Amino acid sequence: MKHENHREDVAGRANVEDTPELLAYYDDLNRFSAGALWTVANKIEPWEPQSQSVPVVWRYADLRDKVLRSVDLVTPEKAGRRVIYLRNPGRADVAAAVGWLYAGLQVMHPGEVASAHRHSASAIRFIMEGAGAYTVVDGHKMTLGANDFVLTPNGTWHEHGVAAEGSPCIWQDGLDIPFVNAMEANFYEVHPDLSQAVGYAVDDMTKTWGNPGLTPYGETWTKRYSPMFKYEWAPTYEALLKRAQCTDGSPFDGVMMEYVNPVTNGPVMQTMGASMQMLRPGEHTKAHRHTGSYLYHVAKGRGHSIINGKRFDWQERDIFCVPSWAWHEHVNASASDDACLFCLSDIPVMRALGLYREQAFGENGGHQPIL
Amino acid sequence: MKHENHREDVAGRANVEDTPELLAYYDDLNRFSAGALWTVANKIEPWEPQSQSVPVVWRYADLRDKVLRSVDLVTPEKAGRRVIYLRNPGRADVAAAVGWLYAGLQVMHPGEVASAHRHSASAIRFIMEGAGAYTVVDGHKMTLGANDFVLTPNGTWHEHGVAAEGSPCIWQDGLDIPFVNAMEANFYEVHPDLSQAVGYAVDDMTKTWGNPGLTPYGETWTKRYSPMFKYEWAPTYEALLKRAQCTDGSPFDGVMMEYVNPVTNGPVMQTMGASMQMLRPGEHTKAHRHTGSYLYHVAKGRGHSIINGKRFDWQERDIFCVPSWAWHEHVNASASDDACLFCLSDIPVMRALGLYREQAFGENGGHQPIL
Amino acid sequence: MKHENHREDVAGRANVEDTPELLAYYDDLNRFSAGALWTVANKIEPWEPQSQSVPVVWRYADLRDKVLRSVDLVTPEKAGRRVIYLRNPGRADVAAAVGWLYAGLQVMHPGEVASAHRHSASAIRFIMEGAGAYTVVDGHKMTLGANDFVLTPNGTWHEHGVAAEGSPCIWQDGLDIPFVNAMEANFYEVHPDLSQAVGYAVDDMTKTWGNPGLTPYGETWTKRYSPMFKYEWAPTYEALLKRAQCTDGSPFDGVMMEYVNPVTNGPVMQTMGASMQMLRPGEHTKAHRHTGSYLYHVAKGRGHSIINGKRFDWQERDIFCVPSWAWHEHVNASASDDACLFCLSDIPVMRALGLYREQAFGENGGHQPIL
Amino acid sequence: MKHENHREDVAGRANVEDTPELLAYYDDLNRFSAGALWTVANKIEPWEPQSQSVPVVWRYADLRDKVLRSVDLVTPEKAGRRVIYLRNPGRADVAAAVGWLYAGLQVMHPGEVASAHRHSASAIRFIMEGAGAYTVVDGHKMTLGANDFVLTPNGTWHEHGVAAEGSPCIWQDGLDIPFVNAMEANFYEVHPDLSQAVGYAVDDMTKTWGNPGLTPYGETWTKRYSPMFKYEWAPTYEALLKRAQCTDGSPFDGVMMEYVNPVTNGPVMQTMGASMQMLRPGEHTKAHRHTGSYLYHVAKGRGHSIINGKRFDWQERDIFCVPSWAWHEHVNASASDDACLFCLSDIPVMRALGLYREQAFGENGGHQPIL
């Protein structure tokens, strides 16, 4: 039997050479479902993270036609969901766009409805185009417009549709399916009626919980995700403009607001968080890196990002990823207009478990040399 | 020496008659700074609270002229603050409007500035009339308009003024001075320069922290009061209108939103909280009572409240109080317009200490007979 | 009508002299339940707290006989509780021992039982002498020995007794009755059966929740007071001895442990907290002062405390108080034995409301000159 | 190119047959790092978790000799750590004993010291045999005895040794290395001096923080792991005995205590938790299953567990695992002595992220049929 042996000639690291006696010993251990730590210690205790994901930009100019074509190819009934998913070359085995995050582009035509279901994985939607889309989450119906951000938390019944008088709608789905699978904790259930009754005023959760510095008196919310299921674009963009009047912004991220659960000021869900950031006209941020996996969606404008020394150009509706511990910096290509990046990440996981760490790029004025 | 003796002929209550032997014993105890519990037990353990405060309505029609006249009578320099305070007949000894809450009407003329100070007592302002008022809290300057709600938390430097081009301004002050005095924890300090430097963009705290479901990325706020120092009227009223689309409201309070610290969704300060409630056209709420002291300010409309069986009429800018455990219900006098009540209370104290309790009026369809 | 006027000739303080015009104005305000703030501002905004309580030591040598004599004078049935309470000369109006804290010495003879009741006030017991005492709190029976510390939180049914085979028992009661009355939130109820059924193993709450670094799996406790109703003396003293091996202690308090709710590591109840501190042989602490009211019970040893410059000697079972913002330091009179002070306080209130403040005595090596 | 296609003939599930047109479409998507969700949806959204781990029992009788033999084969200097790790046949790729948990048996001889290091992975030790072992964590030295449970949290410097006068020592290591690697967040650092200075009294953290219902006054601890680095066996076993007097125990787990951070009553670390449970003489628990991965260590006694219908016998010092969502029940083989199981798990991760779920085995009186 062949054994691994990862040696390093550094004090405090494993550095044991194979001998016939040791190899026999390893064989012996193997028979009892055991091994010698020193043969793998350096592999499983790396000096710093090496992500399996690679940086990718998914251009909407490439994908939009393909997404629309799926309407002709499959029905929502047969497909369950009519979605083209983003497959990171380093994470094809788990169907992830980056790290443990799944993402896809879903399309629905006017009058179409997808059946209701629920699962332990959590989901978000970020609306890209079209009129008349809606989603129903645990009986709460929400209307959806471009750049709206919508939650479908772990365990909630949900279904989507487009009103008969609407137009073809496309949105980005984001889920933690790969992560929940890795944690061996995913459950799936189809709604017994395949659809939900709507039991509340349309958009009630946003109207009730989405008021600045005000909470509905006497209401309690103890679930561990945000009761504000939909975050609309207009107040989000307005918040960025107001905040920009009061701050120089982050050297790494410009003017950035985090979507939060208004009950806790913490992340919108336990496993995924989201933010919207504004790069002001001509802004070129400095480089930094942090643990966690990040999926950006260009909500407005155009520019480029430099990720681990490589340039990735983007424009509105493009999606790109930054893997864990990858250096990255962003550039707004316009000298007159701002650019806005929506970002979905697993930063709530990293923070909840004490695994978040970040580092500024110290050399070269904070900018990576382009490879 | 004369001794109290509060007897009740109820099982489990003290019921010991005075005898010469006992009276001598009480004298003896008294010499050692001691007493017999059974003589006072029934007094200090009442069956339910009996407030020392009485219900009062302070009509703006009565007070406005008097407040304005103070401008001619005293300067801010000599008065420290030019304020007419509301004195509950049952609480004159502690200068309280109700319970342990102080309230006053402050007036300033264009170009006037009051000196900066700080204290352990917390304060709020609720703006009544005039243009050009501003307040500075720990270096953050805020512009003030009618029905805006502003915080001056425990320990923050603060000062007020009216711009030279403004008009005479009147606002309500609300403080927990009587409570902090009772707790023997009040400290007072005059600012060494008598005024503060403004170190931030005007209204920055509201622009930064007052966005629905959005928090400024990377900012931390660990102080135990809200960083959103000013809550403006327009979004507050809009929140009530939106919420009214989604709820039948509380039977006791109509449509009510609580002002909160956006970082905790809890009260804006540790010792005082505030809410704004809308009585819809023609609404007549049911009666209930709860512990805590409540000071209402009529932000909009007219109507009346029935407090412990007595009717109190009110209109815009009037102020009235509801003492602890007093039955109360509210009536909007208009069949076409809503009425809005701002309410300042010590409910955060009651909740933080486990002393909050409430009860619905069970008889007569939930309405008090008028005495 | 006579009006107060508290003037100070300090910038930022009120300093308005009475004039006939102003006095007439004050009369006018008075008719509308209002007053001029500047007449009372300096009174209600003091530079620092001035406690109404005075330091007192209650010597057990003085009180023990009187307490025992009450057995002959009244029955528990007639007295409700057979208790001699400690009356601070500055707080006789509210029956407090210090600040808003009530304290008393309760005595029961073998075979006696007091009727069950509950109230919004919270209570503690600290056992002084005797064998066979027990208390029942919400159906949990606890046996009581000297220096045990027991809780009867807000709203819990409770009753006490001494087993027929026991001896006369005396313990200190401590309650927040004056505070809860001041907050106008006290409710009182006699148990419908005058006694409770015991529904659990004796001392189950301490056995279940009182284990170091271990919690009962699957149990939840959401009430806002400690589930560990009894804190026994032996492990408390042992904790002090162990801690003394690891720390130099506080310069002001020696080696001190705080009794906590094991579910939160916070105070045992929302309105009162307690601690046990050890003064090592010969220890003389430095002076400091803090807000809040403090009632000490000498659990072991003898010594003295200097409070606001006055010396108060104490020995085992004596009780003494330190008012809010009073300077105090403690001295163990023995060069060979430790002395232990149990302390009951309202520090949880001060902390929960942001009113706690402390200051070291800076001069004279940290020791007060004795007046 | 070959494409996956996981079809299910169930309403709400994907069920699209391959056609030449679709296969060409899939090829096209693949060129743009994309895929059709419906081809993999049923795979990545399973009806319930299917663990990759298999149940295993590692018998100490098998492994002890091999562990001791490693002393002759490698030095701590060359090996870094002299550890035999437990390799689950389903998780050999990530060196895990179960799920994302690593475990190993470490041996040190008297006088040996391992070099100090730190990493983002968290570790525990559970002491198996020998005298004189110690560990140093961030400068705090702890002595180690059999069945003591010790923490080495994320980011703390740590090193181990055995006193020269001791005997050969063996303990179980448990780490979340596979998980932290999967999260791409592992960092590793060798101590610059290869060893730490000890800056505190021996065992100070346990003496300071390990007292029932008592916290060290004035100390604050804000790190997100327990300050009580060592949990000794004697008080743990005593806690089980006391708790057994007050409860019938859990039908699934007997009498169980969870090791907790005394500051939060939550798990000892953010990514791993631990418990100790007692199976009373003759106890046979009922079966249940839950998400999360579990590694049991037999601290006392002998018996067997039935895991997914298969019987696994165990005795003192054996280690066995229960994978996520596997049915399991435990049996104490002795009619006279209790058996104690220490359990290390990732339940804190499951709970922090909302992924914990459990289910009782409903049939057959709660007992699994043995396959």
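Order as written gives the chain letters A, B, C and D; numbering starts at 1 within each chain.
As a convention for this text, a contact is a pair of C-beta atoms (placed from the backbone, for glycine too) under 8 Å apart; a residue touches a chain by one contact, two chains touch by 3 or more.
Heads up on the chains, UniProt names are A, B, C, D = Cupin domain-containing protein.
Worth saying up front: this structure is predicted, and the values here are computed from it rather than measured.
*Asks:* Identify the chains in contact with chain B as well as chain C, in label order.
*Replies:* For chain B paired with chain C, there are no chains in contact with each.
*Asks:* Would you mind pulling out the distance in Å between where the CA atoms of chain B average out and where those of chain D do?
*Replies:* Whole-Å distance between the two chain centres: 53.
*Asks:* Just give me the whole-number Å value for how far the CA centre of chain C lies from that of chain D.
*Replies:* Taking the mean C-alpha position of each chain, the two centres sit 45 Å apart.
*Asks:* When the C-alpha atoms of chain A and chain D are each averaged to a single point, how far apart are the two points in Å?
*Replies:* Chain A and chain D have C-alpha centres separated by 29 Å.
*Asks:* Identify all positions of chain C at which a residue touches two or more other chains, and write them in rising order.
*Replies:* Not one residue in chain C touches at least two other chains.
*Asks:* So how do the chains connect up here, line, ring, star, complete, or something else (other)?
*Replies:* Contact pattern: a closed ring, each chain touching exactly two others.
*Asks:* Quick one: which bits of chain C touch chain B in the complex? Just the residue numbers, please.
*Replies:* For chain C paired with chain B, touching residues are 10-16, 21-22, 25, 28-30, 32-38, 40-42, 44-52, 56, 58, 62-63, 66, 69-70, 73-74, 78-89, 94-95, 99-100, 102, 104, 115-117, 119-121, 154-155, 177-178, 180-191, 194, 224-225, 270-271, 291-293, 323-325, 349-350, 352-357.
*Asks:* What part of chain A is in contact with chain B in the complex they form?
*Replies:* 200-201, 204, 207-218, 226, 228, 231, 235-236, 238-239, 242-243, 245-247, 250, 253, 256-265, 275-277
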